[in-house]
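Each structure below appears as structure tokens.
Paired with chain B in one complex and with chain C in the other, chain A is shared by the two complexes that follow.
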Partner chain A sequence: MAKIQLTKYLLSSKQIFWILLSVTISVLPHLPRLPLWFPILLIGVILSRWLTAIKQTKPLPKVIIILITLTAFITIVYFQGFKLNREISVTILAAMTVLKILETNTKRDAWMVVTLCYFVILTRFFYSQDLLLVIYLFLSVLIITHTLFILQHDNKKDFIDKRELKQTLGLLATGLPLAVLFFLFFPRLGSPIWGSPDFFGNGKTGIGDSMSPGSISQLFSDDSTAFRATFKGTIPNNSDLYWRGPVLWDFDGKTWNTDKRSTSLQTFITNNDTDSLISYEVELEPTGQKYLFALDYVKTAPADSTLKADQQLITENDINQLRHYTALSQFKTYNSNELLSPEDFARLKYLPPSFNPKTKALIQQWKRQVRSPLELINKILTHFATDEFYYSYSPPLLMGDTVDQFLFETKSGFCEHYASAFTVMMRAAGIPARIVTGYQGGILNKDYLLVKQSDAHAWAEVWIQNKGWLRVDPTSAVSPLRVEQGSQALIRQNSRNWLDNSWSRKLGERYDTIRHNWNKWVREYNATKQKAIFKVIGFDSVNGRAIIIVLGTIILITTLLVLFFLYINRPKRKQSPYDKIQKKFKQLFLKNGLTAEENLGILEFSKKATEYSPQSENSIQQFTTLYLRLRFAETENKQVNLDNRLLKIIIKIKNELRTKGIKE
Partner chain B sequence: MNNQLIHKAIQAVCTKLFDKQQQVEMSFACLLAGGHLLIEDKPGLGKTTLAGAISHVLGLTFKRIQLTSDMLPSDVLGVSIFQPNSADFKFFQGPIFTQLLLADELNRGTPRTQSALLEAMAEQQVSIDGQTLQLPSPFFVIATQNPTDDAGTFPLPDSQLDRFMVSISLGYPSADAEKKLYESEFLNQQKTKLPALISAQQLNAMQETIAKIHANQEVKDYLHSLVLQTRDNKLFVNGLSPRAGLALFRLSQALAYIANRDFVIPEDVKNAFLPVASHRMRTLTIQQNPASLLKTILNETRIP
Partner chain C sequence: MKPASLKNKIGKRLFPNLMLHKKAESLPLSINWRRVFILPTKPGLFFGFICLLMLIASLNFNNNMGLMLTFLLVGIAQVALYRVFFNLTSLIIKGVTTQPVFAGDEAQFTLHIKAITTKYDICVQTNHTHNCLLEIPADETKPLPFSQLTTKRGWLEGGKIKLKTSYPFGLFYAWIWTRIDTKCLVYPKPENTPPPLPKNEFNEGNKKIVKKGEDFHGLKAYQPGDSIRLIAWKRTAQTGELISREYQQTLGDKLLLDYAQVRLPNQEDKLSRLTAWVMSAYQQQLDYCLKLPGFTSGYDCSSQHHLSCLKALALYGENNG
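== the complex of A and B ==
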């Protein structure tokens, strides 16, 4: 018997197949951040277990499994350090789940592995909650749950059986409403417990804190989302949408860098004309940097960020997760909120001495022809517009005196070439100037403005005495289309590569809408939004009582529904009146202390009952004979009142049993 | 209903074989249900004694063959021998032309000889030299078999096993019964041959009565659910055949007859299940024993 009990819990090769699939699918999204030896371990373990399953070869000896496990553990700890952090915990969890396969021989083990798979899947959310990943995880939950199903009902021969899958889908679909309700009403933490680097944010290109020829034009081919902006009022004209990012002060002849020293001070000039204030909300994709982007010029800094004097918005920590912020901006020609020291002016006019001699000479010549800085600016812009300058996202490579080469030889460049050349020219003329990088424009996608990486832009800022900073965008002189209608208009004119067409762009934008809504309704569902929902159903505050009432109601309703369906679909077994009377008869003795297995025939039971209570032998015999005759014999007319006779005998036996009790 | 006769026969056989009332009843039930009986056990447990006693009590023509590995089909069926006088072949009947055949140690015979019995058991006829010859009626085969892993045995093929309605095994006797064997009285008792108590006509009449014994829908449902479970269980190589299902039904009727009832009750089916099913089932792996798996099925099925 013991052997049978065991074999009942052994696993079929179909069950093993599903377990292996579950483990693989749940570990897979972790692979890029797991150690390099991990895939080898995974493949090795899976092959080994699969061979044991189909070839019936002997499983690995216990000693070897223990050795492998110890080796894996020590390797992880050796390379990642013995710390109790998320990285190491997840790695150990994944490794041990994979290794557990080696000793998965019975159903009990299998249930454990499958449960572990759910955990492994869950830990992937520590790193990202992106929509694509969520879809993947949903699919893997389907597979893992199906494995659970297969462990319980392994009836069909086919490894993948449509009807079985349908049942699993049904199970998950039934659970979905409950999951949604719990998502909505379960107490929420103010912020995630894990402060995590977003995996998908790593290695992503975007606006950085330096700029050299080519650094922005390479972004032009990247259609991924930089950020999304939702405006409270009407969306301003495209030519006004200058999303300010890092401000570059220092030039070493090739590369522009941000002001790390931050010497300038902010002055507070009260400005009362609130008419031109623009309010908007930005949803910034992870960048791995500290810069926030906002429209020129920022009026107030969003929470958890500082507005530096040169109008850079800086956060305290790297932005590794989706970030939301509300900003307030104001359009104005001159920005005079910055107090510059003599050193600042010196830096803003500095050029590396030996670079770009031709440009310097040209500016010295032009400077004599104009009377004011504004005139010089106009002269330069006119030069860009009238001479043979081209706007190109794949300009020739520049070496050495980059500005000289660009101005006098190649005459073809992207916004960073023009901004850089223009600023160098300004500084050559002794006018303080710097470069601002960020994004320009964006496209209207449904109800929000979608700013892509291909909208990255660079422009110049010139300090005009007594007025303040003036924004000059030399690109607009070369390619007015870029600024007035945005980079998308350019892309529509010339596709960037063979994959680039309006259809694929449209698809990308449609997908971004879905992601935006996903972010808005799921990822950013927080305590505040929960409070609003609670308010809708009549609770003014989200306190313990409200949560208990709501969750309790959900659980109660679900339980009732489940019970209802169980009742409706209960196995339809006709309970004959004889079953009831037989049960009554058996209960007489069982309650009195007789032990008997279930599914014992009435004769066998009577034999036991007689042994147990010999003085009732006659009555038991009487009952059994009558019962069998009534129930199974072929008689013309079964009289209902005969049942009363059975009942009478039962009562008689009851009394006999009672007197037996008294005697004892 | 008159079943005194059969009880007398059972009692008579029990004087030869102590403490095995249940197995003796099952053997008689098998014969009453018109099936062939297979007795499986180790040597020396009384298989041949039981088979011999039954044959004597039934008063049928009785022949016995002892199978060995050098036995040929003609040793069982008979052989045609050339007659110089008439210049013709004359057929000499083999031991199979009898009403009750005891095939001792059946699995020691070669597959060729075993298969000679096959047609006889299924069709009650034999084909020799292109001629089909009818066997006498009633025709019963009682076969004994040693455990298949013993030396010098040829396992019976599934098709042959399926032709046996019932298989029983005797097992060791109880301590009291075994001690009785040592007494001198017993020796004398064994020497006396049991008288014939039942004639062929009486047996035929009983079989007719048994076939009419009533089983209501609940009993049939229970029986069928047991059969279905042997087919659904993945640990078995095969399920019970419809022939086996019918055998189960007939045997249940016979058991009801012996219990002096004119209707079948679920417990008849339950008692008949193991003898009918256990030799027909094979498990996927050696570690599992068909009989204990079948017992699990019995214990887990709701009995009405």
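== the complex of A and C ==
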């Protein structure tokens, strides 16, 4: 091939500017997840490369670049270990892209870095596919693609040139139809070829497998979505919406923990059940944990999950992607499906000795006054309802004998405190009891029920001999509103913080509706939904033939579309002021009755015009001379007087032509 | 039939428009879409590779945002493919200008390219040049130079050139081949260290250059044709013969550069030496005459004369000269 001078392939500072911008925008959303030294590396590399670009100094010596790279890799391996997992892969990819800037001296390197940036952006979507990221997607693609444009077409002028950006934006927009159609019709895989989609997690959120003081109160201020539920029939009353999550068995005086055994529960749906069964679909936001939430009491386990003996729904892998499942539930006062062994009863009655002596004493006293466990429960609930107990989001912090302090001193708290105190009291009376955590209620948002993290709740379950588990929600005794109308009713009454008002909450709910639709149509678009779309356009199955026909058609259609767009957006010639004034001059005579072709040269046209109206010979001559001088002599100050002088002559000719008409 | 000509024949049959570069075309030449080639560039191939990786990763994890990004890139590539094509078609090569050069130097040709709609990044490529125009505004004509190496004197055709563009993203490049038959005149390569200009060694070159000038030089016998005003009457009266004054502007020899007199075995070497002499004679503003078999220039020192001598040297022995 050609021997080409290397200097042509060196980068201008404008190109460097865009390359740096591309790398920054692609790495930026990863920063919170990347090691702490990463931002320092990024800023350092960018500054150093920028300085060499504007000062036209030599790039850093190869040895130093290699040293920096080695140090970065050793640091990554030292702190994150040497495994091929996602965190390390992404860190290495990001570090590689950033460090490549240092030795980006030719266009070749530049093209490589910029193309790599697209891949870095892709890795961001493996962490989350939230609606807001769409904006990021388009913005970053615009910037990176514009960098490709600048690498190709560099006028070395303004770094940010509106005209150039417009060109890139236009081409990007022209590429959209193919993107949309391919998105809809490009065949999807039913299941991954390798790895698991749950490989990509985002840390644990929401309700966890233990409850210690304060763990739920954190969630109260979090209005983000926990899950959405769409009911087949009518939506049950708010007071029936107990979304069952982790069941807590063991209490060590401070923290409640789940039962770690993995006994599963076999349930059967009998004919009697069918009437009272409630069916609904849940869209669970990623939690990073294994719990599914379903209404009390859960009848069957959705696909890919198990219903544990204590009615807890557990998945095999951590839920790191949006998860959809259909659940079946049944409202019952008592749930007797669970088989409990003597050891289980012992665990369910266990209290750490020497903790909360006052509570134990009180219960011993009350136990003598009642005849049945149910009466005891009622007595405790009445106590909560009458004896100066308050519902509060920010109760005083409890230490040591927490239940004693709560019952006899502070007397204010929320579900966590009441459920905990109640369960401890039950156990003190020798009645098996445990805590269930989950969500309570939800807001009806358009056609689905929106359950936020702030709907997190904890309640108690008591084992009644010969009947089964009975759900007792002590919080409802203190604050009936919480259970009847949901946590939002309480929040409306007393704001959690200064930002908390109905307007911002409404906005949040509106946004969730959009997100719900986004999840439904884009994020969760899959092989099944694609099949339905293929069916709509007349293909009963998504086979090779159908795919080839459809994709071929798409390419054909988009080709036509692109050609059409390119045609209407073709770079047109701007009509120069000279052309305009020349046209005006010619029109003057043509309208007056001169027969001549409009695209005649100005000189020939003037000749004809003079023959046509000899009395304006002088003016025509004047116009032609001035026009030619202005247009073709480079020296004159062109723009300033152009219109004025030529226009004046035109007006003069106009008058002359008019007087000619009068004379005749 | 030779394989090469067979190949040409098949090529002509199948791709009549693609084989156009085989023979030179008349100008102005409008670039027809049927002769445009398009292929991905190296960055384009890398872009495609990254897209493929992204597609596989997104499909595997059914990551719809990833697929959206990937397909957006595919869409961009599709647009770039058509855009690059339209950036080359409908260009018009209005003409080619050129300047004579000496053999061994680069022959400079200048394409004058007109754009109907605005075009960007139009490049011309030959074996050893690669020049680009950043922008050709609509309805304007811009010069785009390219050069060819010269090895021998005579006429040099512009030859096979590639007109190409990678606008807008450098992912694809479109190009056409064409042959420019505009010829550049190539003078013989002047001898590097030529011997000094020949002086009195030739008979005919022995004559003194006599020219009317301001400086009085001497007296001589009147010759018919001398101006009456030049007659030195005093002297004439003394001698009884007509004596006229002689004025000279330059003193020097009338220089004859004769091909036959150059003592070198090789024709090209002779021409090289003569070229070097013509050059130096012109620089010194001497009156010289170049004599080649079948060509005699006459004595002069004008630049026109100079160029015609060089041209004669360049085309010596060529039929079309």
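Here is the rule we use: the second predicted complex is superposed on the first by the 474 of 664 C-alpha atoms of A that agree within 3 Å, B and C clash if a C-alpha of one lies under 4 Å from a C-alpha of the other, contacts with A are read in each partner's own complex, and residues count from 1 in each chain.
Going forward, a contact is a pair of C-beta atoms (placed from the backbone, for glycine too) under 8 Å apart; a residue touches a chain by one contact, two chains touch by 3 or more.
All values reported here derive from a predicted model rather than from experimental measurement.
Contacts of A:409 after superposition on the shared chain: neither chain B nor chain C is touched. In the superposed model, A:343 makes contact with neither chain B nor chain C. Once the two complexes are laid over each other on the shared chain, residue contacts for A:447 go to neither chain B nor chain C. Residue contacts after overlaying the shared chain place A:387 against neither chain B nor chain C. Shared-chain residue A:176: touches chain C; no touch with chain B.
Legend: residue contacts after superposition of the two complexes on their common chain; A:611 is shown touching neither chain B nor chain C.
For chain A, the partner touching the most residues, choosing from chain B and chain C, is C. On chain A, the surface touched by chain B in one complex and the surface touched by chain C in the other have residues 3-4, 154-155 in common. Those residues of chain B lying in contact with chain A across their complex are 214-216, 218-219, 232, 234-235, 261-267, 270, 285, 287-289, 292-293, 296, 298-304.
Chain A makes touch with chain C in their complex at residues 2-5, 8, 108, 111-112, 115-116, 118-119, 121-122, 125-126, 129, 133-134, 137, 141, 145, 148-149, 151-155, 167-168, 171-172, 174-180, 182-183, 186, 188-189, 192-195, 197, 199-200, 522-526, 555, 558-559, 562-563, 566, 570-573. Residues 1, 3-4, 7, 12, 154-155, 576, 578-579, 597-604, 628-629, 631-634 of chain A are the ones touching chain B in the complex. Remark: chain C residues 42-43, 46-47, 50-51, 53-54, 57-80, 82-83, 86, 117-121, 125-130, 134-135, 137-139, 166-171 touch chain A in the complex.
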